[in-house]
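The same chain A turns up in both complexes below, where it pairs with chain B and then with chain C.
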Partner chain A sequence: MKAIESIPDSQLLLFKSCMVGQEYPGVETSTRYVFDRLGVDYCINDKQSCCTGIGHYTDVFEGLTTTAIAARNFAVARSCGYPNITCLCSTCYAINKEACEVLNTNTEIREKVNSIFREQGLENLVYEKDDMNPRTNFYHAVEILLSKVNEIQKQKKFDFSGVKAAAHHACHYYKVKYLDVLGNPENPQLIDTIAAACGAEPVRWYEDRTLTCGMGFSQLHLNKDTSLQVTKTKLDSLQKAGVELMIHMCPNCHIQYDRYQPVIEEEFDVKYDMVHMNIAQFVALSMGAHPYKVCGFQTHSVPLEEFLEKKGIV
Partner chain B sequence: MNAALDKAAVFICHCSGNISERIDINFIKKTLKAEGVPVFDYEYLCSREGQTLIKNKISERNLDRIVIGSCTPSKHGALFKKCIQEAGLNRAMLEIANLREHCAWVHPDRAGATEKALSLLRGKLRRLENLEPLEEIKVNIVPQALVIGGGIAGITAAVNLADNGISTCLVEKDSSIGGNMAKIGKVFSPDKLAEECAMCSLSPLMNEVAANPNITLLTWTEVERLSGSAGNFTVRLRKKPRYVRDNCTGCGRCSMVCPVLVENEFNCGHTDKKAISLRFSQSVPKTYCIDPDHCLQLNGEACGKCAEACKSGAIDFSQKEEIIELNVGAVIVATGFEEYDASQKPQYGYGIFKNVITQMELARMLGINGPTKGELLRPSDSSLDSRTVSSTGTCGNESSYEDFSDNDSERPEKIVMIQCVGSRDEKEGGNRYCSRYCCMAALKHSNLIKKKYPGTEITICYVDLRALGFYENYYRAVQDAGVKFVRGRPAEVVEKPDKSLVVRLEDTLTQTIKELPADLVVLSAAMIPSRGTRKIASILNISQDESGFIKERHSKLKPVDSSLDGIFVCGTAQSPKDVTDTISQAGLAAVRGRAFIADSPKALVNEIPTINPLLCTQCQECLRCPFEAFSLSESGKITVDPLVCTGCGYCTELCQNGAIQIASFTKSQLKAEIEGVVKEGDLLGFVNSGVASLTCDNIGNNALSYPSNVKLIKVPTNLVVDKDLLLQAFKCGASAVLFIEDPPDSPRAEIIYPLTVRHFEKLKKEIGDSGSKLYFKKAYVPNTKGLAGTFTSLAREGEMIK
Partner chain C sequence: MIPYVNEYDTPECNTLAETAKKSIRTPASLGLDRCIQCGACTASCPAARFTDYSPRQIVKKVMENDRSVLESEMIWSCFYCYSCNVRCPRNNSPVTIVQVLRQMAINEGIGVEKLAYFLEIGEYLAENGASKVPGAGVKNMERDLGERWIRFKKNLESTRVELGLSSRDIRNTNGEVQAILEATGYFEREKWIKAKIQEKRLHRLLKNQCINKENKSGDFSFESDREYSGQPAFTI
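Up next, the complex of A and B:
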């Protein structure tokens, strides 16, 4: 298990996510807003590419390509002196961590990847065994937030008292590498702890808490009915629990709930009372960030206006 | 060959392939023989035949000192010492090279392992040159035993000791003995298909404890400190005030008038007992006890109703805590288990949904002296009020039973039991081991419910059903009784608005997802070491396993000996087990305790400081010993108390004149071993002979590996390693030196650890440039992987420099 004390706050490469970038850019700006105010030493490097995760899980990229691209991104991180890859998206997190393990332990694949680099004259990208450590070089941005939760509480400008919030912890963080996570993977408390520090009232346990968001990457497109049924099941449970705010840590879950809640409402003729946010947006908001200029709520499908007005933010 | 070694010989054990398959023993024999050292080998040196071989060679060849290459000295060291003693040698004239845990088991490469084995044997041979016989230090053993914990294990051990004529003190932290067995109501029996009344077996035993003239019973008492050493322990006990004198007749009038209701730990937290109460009606001693946190009178309010009601004048609000000191020869730890906190698995809803309970809570509910008087109820329906105070609070009488039948509580018709909650669970917060009792407990409770309420539908969700030995008959009978079994670990328990539950799981035999409706879900929570067990392990400074159970010296040969001589362990403090196994083990612990006491006088560890009067200037620096083992006699001579001395070696650092040396670990002996062992590019580890040494051995037990240029030398603590020894190590070619120390987790190590850290830092400065090659590591027993990793990375660094 990861120890909270071991979470670094310097030399972090804030790993850009395609899903964040194209769907909810406010998640990235919110993370930067919060990191800046917490004194976190990070950098964003434009040479970094997509992790391929979305393509990998929809069978577009096979493992070798994904691993090679990861090795390339690791070289980017190391060469700019920010080797602690910190992901906004839990799929990037899982893909990078897994690729690092493969590169360290599977000599055949490592050599294959390196021979491609060498053939192309990209010696600088060559990955040597143990260049990166899968346990100590890969983080999710939410882990950094949790390690700074006291500071977040100190800098809190807006209190979310009385907001009944539910955490949706990402399966690619808690289930893929479940032996190397913060806390008990069967009882994740990451988001709950941060939300509570911002004054919200996290729902301790709700039915289907452990259920996935339903997206399942290609499943959303190939088995849309099943996919949306799963999402609906969880939304129903949340509605029953009286939840008004659902907090995410993965843009894929975020999309599934925020973009598809209106679709489910229409297709199943139901109505839900909850809105969606990423934990970074939530923390930024609590630290005084602008809901549109920083948090980028205008890109959300489930409108947050009513919620923000009710809480007195706008 | 050195003249000192002309009567020396080496014996190598094959350990049935454990050593011989990895180490080329013939090569070693040839090499050492060419150097003039006689070498003998045998399949099992620890066997009688092996020992006879050693003894015969000693007498045939008139040997005066020997090296044995075998498993770790902590396993058979004492045996081999006894063996050479029987052959007429002094016990100190033996050196053991650990060719198994430190060599064969950790170095898969045969050439590397063989080369290292040779260097370990050379180190020990060099050490032989400097050996001197040690005098035995003997002490009389106090013919009295202490048993800690008054559950079925402690009771059995105490009664057995007393029956064997040993004066025994039984200490229990609660106000009555009885432990968990008193709570569980019925016990399963391997050879009968019926359940027996636990209290019917336990109560007479408890009364025997009270009546036996050889047993002193101290309840409401906790062990605070243990000092001294094996055979002569001083124990400090804290006896809490009961506020009720021993002349209490147990009539219960006090409880009847007491106005305060408190949470009843015995009934798993139901608020159904009075602030003055017995733990349960059959409590021993049958002396009431006041809960000081809730009694009005003791919290400054005028009440005193109990004192008014008591006809014997037994209530005494002025009672004070007592400190009792005892002298005992042997200690038996029987501090038991507690249930795993099932709320760590929130998916099962324990602590969130009222109708999710544990097997222990179900046992209390089914017990006729429990919170519902044996009625099976849905907890969400029952509201317990003062009418239903259990008999332990004395309000219980026949009418309260009827109260229950009258109320509108619903009887659960569908019950689902979930096995392995926190057991056989590799996830964070779970325990990897099997708790052994829970399959049978679930079967027992199912059978009891089926008998009393035949219409109840019971489903047990299991991972594997483990009904060992004759219990299989019981399992079959329960199947015949109509209890259903589903193989699968449930994913989630869901509560419906009417407080009924649904258990979701995959039936892994049919590979189908199932939703089982339930009125009551019962979690078979793991058995974990009780808080008392964890605490006592640290007070007594005895080893625990990674889960916190007290570790036996050897699982087969010494299953009830703790890591310290004279301290024994039994029951669930040692590992999860049922009542039957607990009683067997407690009997053995009593026998071992008695044997230990009977073996008086006992030889003490003699690896303690010796003072060279020619060098001693009586500067009295050594009096700064943190254990106060040194004293200045009236004649002006410095002496060491062997009973108090821990042999840590701090005095060797304090003494500026080199007058103090630790016997068996003198500077010249250590220097010789370094010269023999260390080769160019080696990583040399100095290992504390306590927990650190155990951890190094465990690397081998866990079949991990590290490079064979890692060499380990055992020291009492690293305080005996001085600047000269370090420089010698580097001179011999060591690429780095690592101090491996016990973590500050025990009272002894708490004192020693900071000294070793300071010593390390001081040395690092003193040796100049080489300081960067000196490392320090704390070794925790479970962290074998981490330590092996440190060995590997430091050794690799060394190779690179080379």
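Up next, the complex of A and C:
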């Protein structure tokens, strides 16, 4: 298990996420807003590419391609002096961490990847064993937030007291490399702890707390019915628990819940009362960020206007 | 067409189990041989909850070296949610085994139609250094999500600028990503998959345009838990 004291606050490469960039760009700006105020030493580097997660988990990329792309991004991180890869997306987190493990432990693959780099004249990308450490060089942005929870509380400008909030902890954070996570994957409290520090009232034990969001990479497109049924199961239990706000830590889950909630309402003839936010948007809001100029709520499918007005934020 | 060779995902071995264990997709510590068929994976599985899919049965087929599993629609139902991975008491990982099975199926041209949808991701990545929802997915989303989403997509560039970001999320990869995709055989495989899809379409067209579609939602010669009547209850 990861120790909270071991989470770094410097030399973080804030790893850009494609799905954040294209669907919820406010998650990136919110994270930056919060990191800036917490004095976190981070950098964003345009040379960093997509982790390949979308292609890898829709089965179109081979493991070798994924590993080589990861090695390239590790070189980008190291060469700019920010080797602690900090992801906004749980799939980027899992892909990078796994690729690092493969590169360190599988000599055949490491040599293959390096020979490809050499052949292509990309010597600068060559990865030597243990250039990165799968345990200490890879983080999810929410871990950084948790490690700074006291500071967040101190800087809190807006209190979410009385807001019934529920967390959806991402599968690719908690269930892939499950021995190296903050807390217990069967009883994750990462988001709840941060939400509570901002005054919200976390709903801890709702049914199917650890159920996946239902996106399932190709599943949303190939088996849409099952995909939406899974999502509906979770939304139903949140509705039953009287949840007003659902907080996420992954843009894929965010798309599935926020974009597809109205679709499920229509297709299954149901009605839900909750709105959705990423944890970084939530923390930024509580630290005084502008809901539209920083948090980017205008890109959401479930409108937040009513919620923000009711809580006195706008 | 000859089968595609995908060395690291599906190393050639005598048994499915050996291939699964050696694959780059599964952890080195994979506890496949340790599986006790307890069913914790299936009990945790969202796909099993809503369909006849069962990771426990898939693992059993792999242990029995039953290659018919590659033909089963079942392997295409996994969400890759890793719930089985976290719950397995023997450090087995049905989710990564399913990934290997899909790769093996693809190599033999089985299920390649399902990839048609996602192939665009590679080209876009090579060009922009980022991934995107493929065009067909965008069409689905437009249909499902309607006006609000279409409007947001139209305004995406100006929204990003408003937020202080570059207007488009394009990475500066200096051709390196393109070179890596090229050299790791991505484009070659993509070409092979596309040709295979064509071949299958043509084949189907010539063979039988009117034979009813087989019902593929059922149980595919898998033992069915439902038919098992169980041991008689022990009454005192």
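Simple rule for what comes next: the second predicted complex is superposed on the first by the 314 of 314 C-alpha atoms of A that agree within 3 Å, B and C clash if a C-alpha of one lies under 4 Å from a C-alpha of the other, contacts with A are read in each partner's own complex, and residues count from 1 in each chain.
The rule we apply is simple: contacts are C-beta pairs under 8 Å (C-beta built on N, C-alpha and C of every residue); 3 or more make two chains touch, one makes a residue touch a chain.
These numbers were taken from a predicted model, which means no experiment stands behind them.
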item: Touching partner for A:R204 - first (chain B), second (chain C), both, neither; value: first
item: Which superposed partner A:E119 touches (first chain B, second chain C, both, neither); value: second
item: Which of chain B and chain C A:M1 touches, first, second, both or neither; value: first
item: Comparison of chain B and chain C by chain A residues contacted; value: C
item: Chain B versus chain C as contact partner of A:N187, first or second or both or neither; value: first
item: Contacts of A:F307 with chain B and chain C, given as first, second, both or neither; value: neither
item: Touched partner set for A:Y178, first chain B, second chain C, both or neither; value: both
item: Which superposed partner A:Y24 touches (first chain B, second chain C, both, neither); value: neither
item: Contact residues of chain A, present in both the chain B and the chain C interface; value: 178, 185-186, 210
item: Sites on chain A touched by chain C in the complex; value: 16, 18-19, 21-22, 25-26, 28-29, 46-50, 52-55, 57-65, 67-69, 72, 102, 105-106, 109, 112, 116, 119-120, 122, 125, 171-172, 174-176, 178, 185-186, 210-212, 214-219, 221-224, 226-227, 229-230, 233, 259-260, 262-263, 292-294, 296, 298-299, 301
item: Interface residues, chain A side, partner chain B - complex; value: 1, 178-179, 181, 183-187, 204-205, 207-210
item: Residues of chain B defined as touching chain A within the complex; value: 344-347, 349, 352, 427-429, 491-492, 494-495
item: Sites on chain C touched by chain A in the complex; value: 6-9, 23-25, 28, 46-47, 49-51, 76-83, 85-86, 99, 102-103, 106, 114-115, 117-119, 121-122, 125, 129-133, 136-137, 140-141, 144-146, 148-149, 152, 155-156, 159-160, 162-165, 169, 171-174, 176-177, 179-181, 183-186, 189-190, 193
